[in-house]
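Per-chain numbering from 1; labels A, B, C and D assigned in written order.
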Amino acid sequence: VTFRAIFVPDELAEAVDDRAWLEAMLDVERALANAEALAGVIPADAAAAIAAACDADRYDVHALAVQGRAAGNPAEPLVRALRREAGPDGADWVHWGATSQDVVDTAAMLVSRRALASAIDAGERLAAAAAALARRHRDAPIAGRTLLQQAVPTTFGAKAAGWLVAAVEARRTLLDANGRLALQLGGAVGTLAPLGEQGPAVAEQVAATLGLELPPVPWHGDRTRVAALGAALATAAGAAAKIALDVALLQQSEVGEVRDPGGGGSSTMPQKQNPVATAVAVACAREAAASAGILFAGLVGEHERAAGAWHAEWDALSRALAAAGGALDAVAALLERLEVDTGRMRANLQPQLVSERLAFALTRTLGREQAHALLQEAARAPSLADALRGRLPEEELAELLDPTGYLGSAGAFVDRALAFYEEAT
Amino acid sequence: VTFRAIFVPDELAEAVDDRAWLEAMLDVERALANAEALAGVIPADAAAAIAAACDADRYDVHALAVQGRAAGNPAEPLVRALRREAGPDGADWVHWGATSQDVVDTAAMLVSRRALASAIDAGERLAAAAAALARRHRDAPIAGRTLLQQAVPTTFGAKAAGWLVAAVEARRTLLDANGRLALQLGGAVGTLAPLGEQGPAVAEQVAATLGLELPPVPWHGDRTRVAALGAALATAAGAAAKIALDVALLQQSEVGEVRDPGGGGSSTMPQKQNPVATAVAVACAREAAASAGILFAGLVGEHERAAGAWHAEWDALSRALAAAGGALDAVAALLERLEVDTGRMRANLQPQLVSERLAFALTRTLGREQAHALLQEAARAPSLADALRGRLPEEELAELLDPTGYLGSAGAFVDRALAFYEEAT
Amino acid sequence: VTFRAIFVPDELAEAVDDRAWLEAMLDVERALANAEALAGVIPADAAAAIAAACDADRYDVHALAVQGRAAGNPAEPLVRALRREAGPDGADWVHWGATSQDVVDTAAMLVSRRALASAIDAGERLAAAAAALARRHRDAPIAGRTLLQQAVPTTFGAKAAGWLVAAVEARRTLLDANGRLALQLGGAVGTLAPLGEQGPAVAEQVAATLGLELPPVPWHGDRTRVAALGAALATAAGAAAKIALDVALLQQSEVGEVRDPGGGGSSTMPQKQNPVATAVAVACAREAAASAGILFAGLVGEHERAAGAWHAEWDALSRALAAAGGALDAVAALLERLEVDTGRMRANLQPQLVSERLAFALTRTLGREQAHALLQEAARAPSLADALRGRLPEEELAELLDPTGYLGSAGAFVDRALAFYEEAT
Amino acid sequence: VTFRAIFVPDELAEAVDDRAWLEAMLDVERALANAEALAGVIPADAAAAIAAACDADRYDVHALAVQGRAAGNPAEPLVRALRREAGPDGADWVHWGATSQDVVDTAAMLVSRRALASAIDAGERLAAAAAALARRHRDAPIAGRTLLQQAVPTTFGAKAAGWLVAAVEARRTLLDANGRLALQLGGAVGTLAPLGEQGPAVAEQVAATLGLELPPVPWHGDRTRVAALGAALATAAGAAAKIALDVALLQQSEVGEVRDPGGGGSSTMPQKQNPVATAVAVACAREAAASAGILFAGLVGEHERAAGAWHAEWDALSRALAAAGGALDAVAALLERLEVDTGRMRANLQPQLVSERLAFALTRTLGREQAHALLQEAARAPSLADALRGRLPEEELAELLDPTGYLGSAGAFVDRALAFYEEAT
């Protein structure tokens, strides 16, 4: 909890905590009882009694968890408690025809939906903030950096446009995953035998009540849905963390091109403004990716319910949801408040940034290889301009040495990214 | 190579090997030169000279790789070799405006397309084979097993229907990934500066030539596309491995419900028929998931090109492609030749499989808890039937004890899965 | 919490929970103040005031965590709270010369020590239980199974001996990791500048007080220690889970050679005795391995403190500790109570188990290849004995067909494993 | 191969390639035959014939691999080929009593030993180079940087000392792993039944011949040894990559404190000197960690030989060996040739680096909080010195503002690290 609180906003942390799982499991039991009553499988007053008992305040989450050890899952003790609470009318009809996995898997979908809503919202804020930066700084020159070395010039707008497209993709992948959240209802091994002929009808009703997709067949043994969810979360968290890493690199003491006014202070170093949002986003991305790995491994389970592969999913999924949402939220807030110093960006442009361009110009007279060699040497000279004097007409040289004249399609790409964003929202 | 040959069919191994990467990189250089000539950026005869030089037979892959150490990527030495081969007309115009990452990333997409074609084909075979099993054995009873214990009866058809839906999902996720393969063309940092105003036009032409999606902006810093590809491959491999694991469990000496006639022999134990396809698929799934993890981590890279995160992608992607295809191919072949022993399935059904059903019946007279307790005890008795004699009318008891009468919606689910499959193809 | 409670005993869960981290951080601050007072760096009454304030009951863990968001770690808000609690005498000397990482890293070591004690204890119980099984069933024949097929006979003792050696290794690796828990004390960047000349002396004293190794230099940037700890935990959890998987396979309905009397019940299937310990151990092993992956990635951090890599460690380490301990505890208890059915083991031995042995015998007369071919065919015949009649003298054949006569060095290996165990403890 | 050649030196790549595995497997078969002849288990002339056939040049690695598909491992086809080559004298005695896993596992140990020798050597070079840097620049001031922000001063010597200790730890973990390489010899399921009473004696002889540890019992089901090896490789690679990342950060265009004269050039940007060694090391670290994850997962395998978990180990182990060695080699060479610009280090020191120290001084007169607040403001002022004028006596202020006077125990820690290194070698 301590650590999760550092990385994840309260709202999101609550969306995946014990109470949220308990509520989700109760939502499943209630929807099931109601659907069964509607189908005439259980008495209507049993359903009413069960629905009344499906009140999270009546249960002690921790006690249930401790009891869950014996059965190896939290649904089994909950069902027992629910039977007690449902009274004589409801007790025998609680959880009718369902199995623990039905409850836990469907609850996982409900928990995911709630947490995804928050993450998707953060993804939208992130995209909007990136779009604003791309628009505002469309033409502000900045050094393009590859392998951490200045390469050729680009614009901060183009950089933000790259972030924007990634943010849109991140959001899209979460929306896709959200659209695939599906009911699990199969009974002990996926036949819904206790429901006789009514299985499919009851399942359809439960799915409708809970607002979940009705899958073609129960997916107790087919975890592709869960793996895809984990992958989406890891992707979104990673996309956010990439932006955050760029910001921290731009904010380095020696670079200073952006500044996070919400950076974290130090208890002993008064000057420090730490890129805490980056630390949070990077940590969350690692967490989400590790969790996705557990979910991938969970694909390979034994028969109708795996002994361990399934059990490993619960906490991994909760963590991936929290981490992805935490990363997106932290980076959205970071971009929203980011201070951009375009003067410093321009001042940081090194003359050598135009070497590629000079090489093209000099190739005409010297040939490619000699031009390249000359520029390699010139790059180490005290003054690039001096080292090239006489090699090209003065005026042309002056023009070629201006990095802001070598921005290619940077502006066009910003416009394309913004159009892509508009279209996607 | 030794190990890859064991797990991956030749065709697929070749689709991701050194030669394939070389050819793909040359395809990129050729398409680029042609597009640039069309746009008037480079002379037409330069493009012709370059195209002629883009012949994989002229290059020594290993020598290029060794030279690649200095630059840290395989494109840089290839470009130098290509300049030599392109002669005076072409040399200076080779790779014009592009950067190494453009070539490697786009080549990665071409390599992926080739390997995905093979994997998707295997996925189709897998789905077809699962569908055939589901159809043929729609109503054959088999023990449903959870946590490796017999639970309640189901049908082998329903089991295969679960495999089928997972196979369809696996194929769909690969198709989605295939549809997102996109051109990378941005030059050194994504501005396409050397192409002046022609950047977007050239990019559009190259994308069209290579049959790749034209992305809104270069994605050198946005690896969501690569991560999604890795996730799809890990998911597909895992889905295949799950089926293979089920088969190996059903084929255990003590279970014997299916038999892989293509099982591997042992050099010393003549009786052995090892579930080699399972070993292959499980190993491939682990490989693919581990590779996906590398690709997720690759999302978080520095600025316009990462120092290491990007480099780690190449081999991880190749492996994920090979592993996913290898898993799907192995399991498709496995299901295609699988011998199913429905007699043994029926013989293996334990009387206790109907305990759930008996509990429901006994609950009417004994109440839930007492019924449960009685059956727990009866489950340990030498004969379940004897232990229950007198508790229910003889005729009803006999009927309830017949596991084949407790199959619920198994058949309906088979039909739904087959319909889902038909629709998806 | 819900899920952790299912997998991890209370004692262990508490050893890594928020309160445990809080107490550990306070232990560090107290020890630091005392050591600094001893060295004359801070006033003695300041140390006394600080020590008095280092009382976990005075702090609200959740509030601290929420405040920790701003700084990105839990130590910074704790230091501020501690200053308030330490009063005018102590406030200015709290945390003197230290940095947040000193407190969190050293607290991580203290938390690890407490959790490792529990895990090591479970590892000892696991080894003892495996040793007891190996000793008791030294000569009980059981089918050796490779790739899930019966291969040649072995003994349950030899199987347990394999578990035993792995358990001893698991425990050893935890002991090694425990022996490397070290003080972190370097101040902001590892120079201990605020302590002037007294840095090393203070560090030595703090290490002694806390019972931690004094490292040659601060290890803020060298995470090999943390990675090694994660690796040990993943290894131990995996070793335990392997044993648990074997048990679940032996307990399959169709095999029935062992039985876990503490198996988990099902709410609807009265006959079920689920291998819950296996599910727990397997889930824990996956969790521990995923956490170790985060710790490996954490090796590669920026400069004197990483932005994210470090932050990802805390929860991953807590989880790995809990998961490893949880796996070891679950499997120790499983082996301690395991019911072994040697009769069923013997009854399950298939005649074909001796095919290898028969092949050796028949090779003498038929040559290797023909013998092999004959036995492959015989393995499919209704009766192996009948199929071979006449190929070997009746008496020899009868002897060769007895699987219990083909146990090789199984007994000797049991003895060696027990001796290895005795030596290691 | 292409990619491996970029990341791994030839010598190391060869140590884990197909040919190396083939030779190692043949070494095992030869040693086994000889030991069995010595023990009188097989005829002496059979052993001689087998030894003669154990010549790698006689076999086609690729053909064997393709044949290996049927059995799922490379040893089975090799044994068949070896029987052909061993002639009538040897054929029937080839591989006597052994199983494929014996050959592959023991060969894995031999391959590991060869690759580890190379990696350990690189680790020694890395430590030596780090030691040289620490010694040479013991007192050269540099900004200490946390979360990518300048924090307080340290020395480049202290930074290198941190690298040194990590390099020593990396080497030590590899040496430990090397010391645990052990013979695998158990026959089909670990009983060595075909060897009758001679099993242990033969095993002892084979271990002695191959120079491997003799384990207490066969470890076919206990993969702790393999997991520990993977963990050591991932740790060593990560430790190397951390150093490489620091170098790339110090080499950034805007920082320029070190320069890799062997940096990689760009084909289009003549000025570029890319930190290729960093890219290589980081990529290798990710590869090694991912492979270690596969090996951890491999701990949890079924019975006497796992169906897939085992098979996934081979390539993962080869890759981890290559990647760890590749990372260590690249970073050793990097440090050996690194150009250090202590002038630039000093010039980059920002005045605010002494804020912590000023805070201590001002606390005496202003109290902690006010001092902190004053310095936060001063940190944003154009001149820190001006902002503080009058707050402290001029002379004291001047002294406090000198970052080179605030190095604490940096020098002492360098000395300790060097002593630790001397002791470890």
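One rule holds in what follows: a residue touches a chain if its C-beta (ideal position, glycine included) is under 8 Å from a C-beta of that chain, and two chains touch if they have at least 3 such contacts.
Bear in mind the structure is a predicted one, so any value in this text is a computation, not a measurement.
More contacting C-beta pairs link the chains of A-C than the other of the two pairs B-C and A-C. For the pair chain A and chain C, the distance between mean C-alpha positions equals 31 Å. Work out the mean CA point of chain A and of chain B, and you get 23 Å between them. Counting partner chains per residue, chain C shows two or more touched chains at residues 72, 99, 145-148, 151-152, 188, 194, 241, 245, 248-249, 265-266, 268-269, 274-276, 278-279, 282, 285-286, 290, 293, 297, 307, 356. Chain contacts here are complete: no pair of chains fails to touch. Chain A contributes residues 72, 83, 91-92, 99, 101, 144-148, 151-155, 158-159, 161-163, 165-166, 169-170, 173, 187-197, 199-200, 215-225, 227-228, 231-232, 234-235, 238-239, 241-242, 245-246, 249, 282, 285-286, 289-290, 292-293, 296-297, 299-307, 356-357, 360, 363, 367-368, 406-410, 412-413, 416-417, 419-420 to its touches with chain B in the complex.
Chain C meets chain B in the complex at residues 143, 145-152, 248-249, 251-255, 265-266, 268-276, 278-279, 293, 297, 348, 350, 352-353, 355-356, 358-359, 371-376, 378-379. Every residue of chain D that touches chain B in the complex is listed here, in rising order: 1-7, 10, 17-18, 21-22, 61-62, 64-66, 68-74, 76, 79-80, 95, 99-100, 188, 194, 241, 245, 248, 264-269, 274-276, 278-283, 285-287, 290-291, 293-294, 297-298, 307-312, 314-316, 318.
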